[in-house]
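Once you scroll down, you'll see the structures, which are given as structure tokens.
Each of the next two complexes has chain A plus one more chain, namely chain B in the first and chain C in the second.
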Partner chain A sequence: MSDPGERLAAGDRIELRFPARGDLVVLARLVTTAISARAGFDVEELEDLRLAVGELCLLALQGSDAQHGDLRLELTVLGDAVAIDCSLERASASGGVAPSPDEEETARLSEQILTALVDDHGRQSEDGAVRAWLRKRRREHAG
Partner chain B sequence: MSAGREGAPGPSAVAAPSARTDRFGPTEREQLVTAHLGLARQLARRFSHRGEPLDDLVQVASLGLVSAARRFDPDRGVEFSAFATRTIIGELKRHFRDKGWAVRASRRVQELYLELGHATASLSQRLGRTPTVAELAQETGTSEEAVLEALEAGQGYSTTSIDVPEGEDDPLSARLGARDGGYEVIEDRALLGPALAALPAREQAILRMRFVEGRTQSEIAEVVGVSQMHVSRLLSSSLRELRERMAHVAPAPG
Partner chain C sequence: MDQEFHIEERRGAVAPVIAVRGEVDVATAPQLREHLQRVIADGSSTVVLDLLGVTFLDSTALGVVVGAHKRCRELGGELRVVVADPRLVKIFEITGLTGVLTITDSLHAAGVS
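Moving on, here comes the complex of A and B:
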């Protein structure tokens, strides 16, 4: 879809930061598909990544009041894969709210979805802020 | 995106304990299915923007759930909800693959891009200004995300050619006010000179403003005193004429 001149190569890194709001997760999806397309992923893989990055954002939003702070998305093009890191950066230094059981349940579903869509993923909680990441390899294509 | 009326039941809490009992017969498997229908629905909804009716997807997901329950081995130590999620997503993806979705999807993007060109034209006329993405989404019956994506992907199709699609009066990219295709092609000034000189003065001026000075179609419209749409039409007819003339001057492009 993109012409070769617009291609991204191994080592290219893109950062996106936006207010941590559910209705803005669309930005993460758009940027992820635009970048992954330029990194050579096929249409089906792009759909996987689009879904996966949505779940990643959901995970990073866990336990936050989602009012104060930014979601930071970092996409790195690797040799045959893309790595995406999503974290919540709070405006204040205070720790986050502990996730409710409901949120934990949603988070578990997100993780299970990620397992089905990408090669590797994980999440860490630091000072109440969640960082979630994924890595997806490209399928082998002729040429 | 709210969970809606189903209330998004927790997928694994119900079934996990029973999954580890020794007696794991048809009744237990049926209970697994019943307990996880909400999960199937939630997963189906995640695929619903691909243009298939949600009900169909729920059905596919439910079949995936049944097959997961049938094949589930509690001794493996994997939670049923994790196993079922994997199976259901696999089933949903296979459904799209079987229907040739990838091919249709890229075609749909191209079609939407074309459609956006027409929508932009008619909305511009109706509104007296260039439409917003939200208005384009409403006009074409899609989401803003889909519009943005089609615009993003669509530009890739049109940057290397000044060819006018058959049955189209003017290049879409020109009508969208985005990139006018053919910039690179007519960069070849030496070749362009004689062909350009043969055009009417107004057309020459418009081409110069667009491609040499890099002005937008709207800016040009203001200078020339015509509508942006008219500038767009003039640009494309001039480009077409140039291409024809250059074909006579040069043996073959490239």
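Moving on, here comes the complex of A and C:
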């Protein structure tokens, strides 16, 4: 990866881990845009992925006390797609506190954005570990 | 990381104008929420939200906009959102908010001279 123009190949995987703070979600957006550009996505698709990965981080943070946790982002280049996995680690659950109406509205909007921008996405929570993921295929270009 | 984020308030002829610049996301949206809540609490039922200088919006930003829209409606006014960047307009479209909010592509169209 010394050549900034070098294309990434199927199977290449990049990991990023950072403290689960809102002001650092921008790191996920920056890395995703850079990696996806080298995986062959066009400018419009890069914008979609930039927005989608931020929403993915928000999904991973939902319902958790993330003040002491980390967000771990894993990007995998597939043949014609990119898969992004975002997990929240070392954070405690928020103890069943009901989300506020604003949080519910934001979650609904986040879901709509991901549904519109990526081919597949989901979220699962198990034993206190939260994982959100998405997959987006490259558009086929004429010629 | 949000050094470009900036909020400016000015008095328009018919309503206060809140002009935002930079990225509005989970880190900066709370500042926008506080600003809008204060302006509305000060007695403005109609507010112009100028997003012409915004480069990025996420769901938390949209949630703030929707919340302000609801509060303005409850008071008999409206939130007029000014946004022109096609990338941002697309976000309002895919979330169905173009059918809910009053959105214009210029300050003039929002009634700001």
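Operating definition for what follows: the second predicted complex is superposed on the first by the 121 of 143 C-alpha atoms of A that agree within 3 Å, B and C clash if a C-alpha of one lies under 4 Å from a C-alpha of the other, contacts with A are read in each partner's own complex, and residues count from 1 in each chain.
Just so it is clear, contacts are C-beta pairs under 8 Å (C-beta built on N, C-alpha and C of every residue); 3 or more make two chains touch, one makes a residue touch a chain.
Computed from a prediction, not measured in an experiment: that's the story for all the values here.
Bringing the complexes onto one copy of chain A puts chain B in a clash with chain C. By the touch criterion defined above, A:Asp80 lies against neither chain B nor chain C after alignment on the C-alpha atoms of chain A. Of the two partner chains, chain B is the only one touched by A:Asp42; chain C is not.
Applying the stated contact rule after C-alpha superposition, one finds that A:Val26 touches each of chain B and chain C.
Of the two partner chains placed by superposition, only chain B is touched by A:Ala34; chain C is not. In the overlay built on the shared chain, the residue A:Ser110 is in contact with chain C alone; chain B does not reach it.
The residues of chain A shared by its contacts with chain B and with chain C are 22, 26, 29, 47, 51, 54, 102, 105-106, 109, 112-113, 116-117. For chain A in complex with chain B, the residues that touch the partner chain are 1-3, 6, 22, 26, 29-30, 33-34, 37, 42-44, 47, 51, 54, 102, 105-106, 108-109, 112-113, 115-117. Within the complex, the chain C residues that touch chain A are 1-2, 23, 25-27, 56, 58-60, 62-63, 66-67, 87, 91, 94-96. Remark: chain A residues 21-27, 29, 47, 50-51, 54-55, 57-58, 102-103, 105-107, 109-110, 112-113, 116-117 touch chain C in the complex. Across the complex, chain A is touched by residues 1, 8, 10-13, 39, 42-43, 46-47, 50, 81-82, 85-86, 89-90, 93, 96-97, 101-102, 105-106, 144-145, 148-149, 152-153, 156-157, 159-160 of chain B.
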